[in-house]
Amino acid sequence: MITNYTPWSVDEIARRVAEDIEEGMYVNLGIGQPTKVADFLPDDKDIFLHSENGVLGMGPEPAEGKEDGDLINAGKQYITLLEGGSYFHHGDSFAMIRGGHIDLCVLGAFEVAENGDIANWFLGRPQDIPAVGGAMDLAVGAKEVYVMMDHVSKNGEPKIVENLKLPITGEKCVNRIYTDLAVINVTDKGLAVREIIDGLTFEELQAKTGAKLINNT
Amino acid sequence: MLNKITKSATEAISNIHDGATILIGGFGLAGQPAELIDALIERNAKDLTIVNNNAGNGDTGLAALLKAGCVRKIICSFPRQHDSYIFDDLYRAGKIELEVVPQGTLAARIQAGGSGLGAIYTPTAYGTLLAEGKETRTIDGVNYVLEYPIKGDFALIKALKGDRWGNLIYNKAARNFGPIMAAASSHTIAQVSEVVELGALDPEHIVTPGIFVHEVVHIGAKA
Amino acid sequence: MITNYTPWSVDEIARRVAEDIEEGMYVNLGIGQPTKVADFLPDDKDIFLHSENGVLGMGPEPAEGKEDGDLINAGKQYITLLEGGSYFHHGDSFAMIRGGHIDLCVLGAFEVAENGDIANWFLGRPQDIPAVGGAMDLAVGAKEVYVMMDHVSKNGEPKIVENLKLPITGEKCVNRIYTDLAVINVTDKGLAVREIIDGLTFEELQAKTGAKLINNT
Amino acid sequence: MLNKITKSATEAISNIHDGATILIGGFGLAGQPAELIDALIERNAKDLTIVNNNAGNGDTGLAALLKAGCVRKIICSFPRQHDSYIFDDLYRAGKIELEVVPQGTLAARIQAGGSGLGAIYTPTAYGTLLAEGKETRTIDGVNYVLEYPIKGDFALIKALKGDRWGNLIYNKAARNFGPIMAAASSHTIAQVSEVVELGALDPEHIVTPGIFVHEVVHIGAKA
């Protein structure tokens, strides 16, 4: 089969997410792919990155040799702190999340259902060890939840589905999905496609999606 | 560049609407945002629900707000003081509603509001008049009362220093309800004695991170 | 009637309470009479005074002219802070109280019942305005509750009673009562008199008390 | 003169008994009280219940405690990490019990433990596997799960500086669970990088007041 499109790279998805983040927003970037979004945030806007281990105002990676084991993010990577940033304990940090003070959280996902349900914490296979971290708090607590993921799994299975097959992280909490193929809003009327990558048709996108899409491009 | 510094108290409180629930910081006069309250009196918003530890002292600040007839209901722990005569008169005349909440329950309900909890079981006030009609539960042999969160449409608080991102530090026992009220309100306005440059507040010492603060107003020392 | 005794003054009761406070204790002194206890604490022992408005390590009254409106106690009196003291917000302050971190709280009272019930917040008359402050939190939260009060009311009515007549502050929480006439432990077996002031007999004390006393002097 | 400074880690942990519940600070390695844990391994207490965000990294600290066979059960939010192989093996061999708790619920339960609440309603995990069998309630249209406090017989935490009254300050993101675990435990032991004179810590900057701390051990920088 001849394809006329090149899926977005992780960097390209991250850049696309970053474009939608507004000045003044308090943002939590989940572990994994979402962490990349930080690299594409505009330097001239004040956007506040929160890390659930007690940091607000995360800055870029430290220069080599400047790493501090006491200054890490939720993914346990070395970070820096911007001027105006602050430290606080885990209770206060999750008060920020659960209390609805985080404007936006960007999460990775195994699956997203058309009603906004998200599964991203546990595959539930016999060999898996459950480990949730802050995923469930972020899913229910952030004002908006964006998901950033590949459109289909490594086996070509749709990751956007009618109903989750995997254990759920949070109910009806995803507002928007950014994949390597499209940007899709989760609305009361269904999954509204806002943007498709160049060269891919709506019909082709629908074929790779496990739930009905609405063409709003 | 994000700048939460607002020029005047009048401008800061200009969105406060009739019927709003306002958490006002302070324990007696310590930490009471007197100038923000003055601006609110000028605005003459009506039917306010006020949450504060007390119900006003003397003739100024919160007491003046009550006197101006702006307040429909007050939620507090300790209304009756030697100088709470304005409240006392309104209360006895049936012109103001009062909800008395134990001070620690007040703090815990405000913290629940700020941290997204739906309700909490507290041992305080079990078996007392203040728990009448409330749901109770015995957990591990201790009796608890179910209490619901308090959230503000607005918080008015007073801090010592603030920066343009809304980070705050306080002065001594004037800290009291400021940090927890800031976290529990949709729109928090802090009056500060000094506005400092971003980075001037040590990140280890910031008591209220800017995420909980929406406007910072500089109120200089009185002439 | 000839009496052979002089009731303790408030200062004398306060001194008596202070004698029972041990080094290293975290202590909250209620508004009113109990505040006096601070004046009689030994200088050579570290005893930590907590004030529910966010102060630990309260020191003595400030010198004249050194008063600071931002440094007050729960009774809204000017205080000082000792070296090693700290400030915190109301949430943390009541976590200390409710969480059982305060070793001892000394409260004033209108009435104490023989089972340790205390009434000290509201007389409940038509003209009274209810105002509780931190009294209910202290009553249930402190590890030990001592009451400091006159043995009888101004009208000569016993304040130690079988059952409270006034609105209750906290159930079964008083451990010891210090009055101008005696020191009495609240025990599972009843009210055990530990000490009576000079010149007063147990029978005379019993006559001024609304509940049965046990003589453990 | 009250002095909470204890000479050695060995002495500090000497009262920890078999079957104790121990809250151990740290998020990964940041804030993990490694030397206190080493002393605990030496003591060889058994059947411990450990509360930590993770389940150990590599071969040291908490991981070494697990390897030593001291731990019956671990309560944590994120056991599985790239270097959690010691835990992974024990878990798969059925040699350790695991209670997975969402990180914010872990924090909130610890806070409830420290502040004397009997239970809390949290929205986190509603409708998920982690809420299975738990009581739920809908309040104002939001679904909540009832969660109970976590309290420790002991807390082992790491701070930057401490004084003889037990006042503590922390370093950057190593603060994490330290303050809330200190408050939730009957006996809190803090290892600090520096012991300072009473009064050297500014009362405005103290993060954990000494009331929550029972022993302070100086652990110098590693040679």
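Chains: A, B, C and D, in written order; residue numbering restarts at 1 for each.
Keep in mind that, in the parts below, a contact is a pair of C-beta atoms (placed from the backbone, for glycine too) under 8 Å apart; a residue touches a chain by one contact, two chains touch by 3 or more.
Note that this is a predicted model, so its numbers are computed, not measured.
**Student:** When A-D is set beside C-D, which has more C-beta pairs in contact?
**Tutor:** Result of the comparison of A-D and C-D: A-D.
**Student:** Can you compute the centre-to-centre distance for chain B and chain C, using the mean CA position of each chain? Integer Å is fine.
**Tutor:** 29
**Student:** In whole angstrom, how far does the Cα centroid of chain A sit from the Cα centroid of chain B?
**Tutor:** Going by mean C-alpha positions, chain A sits 35 Å from chain B.
**Student:** Can you list every residue of chain D that touches 2 or more other chains, as numbers and ranges?
**Tutor:** Within chain D, the residues that touch at least two other chains are 108, 111, 115-117, 122-123, 170-172, 203-204, 207.
**Student:** Specify, in ascending order, the residues of chain A that touch 2 or more different other chains.
**Tutor:** Answer for chain A, listing residues that touch two or more other chains: 81, 87-88, 91, 94, 97-98, 141.
**Student:** Sort out which chains touch which and give me every pair.
**Tutor:** Chain pairs that touch: A-B, A-D, B-C, B-D, C-D.
**Student:** Could you pull out which chain D residues touch chain C in their complex?
**Tutor:** Listed in rising order, the residues of chain D that touch chain C are 1-2, 111, 113-117, 163-165, 167, 183-184, 198-199, 201, 203-204, 206, 209-212.
**Student:** Applying the document's contact rule, which stretches of chain C touch chain D when the two form their complex?
**Tutor:** Its residues touching chain D are 23-24, 26, 44-46, 48, 50, 56-57, 81, 83-88, 91-92, 94-102, 141.
**Student:** Which residues of chain D touch chain B once you look at their complex with the stated criterion?
**Tutor:** 108, 112, 115-123, 137, 139-140, 142, 144, 148, 169-172, 202-205, 207
**Student:** Using the touch rule from the top, collect the residues of chain B that touch chain C in their complex.
**Tutor:** 27-31, 53, 77-81, 88, 91-92, 98, 100-108, 110-111, 122-130, 143, 170-180, 207
**Student:** Given the complex with chain B, which residues does chain C contribute to the contact?
**Tutor:** 51-55, 68-72, 76, 81, 87-91, 93-94, 97-98, 122, 124, 127-137, 140-141, 167-171
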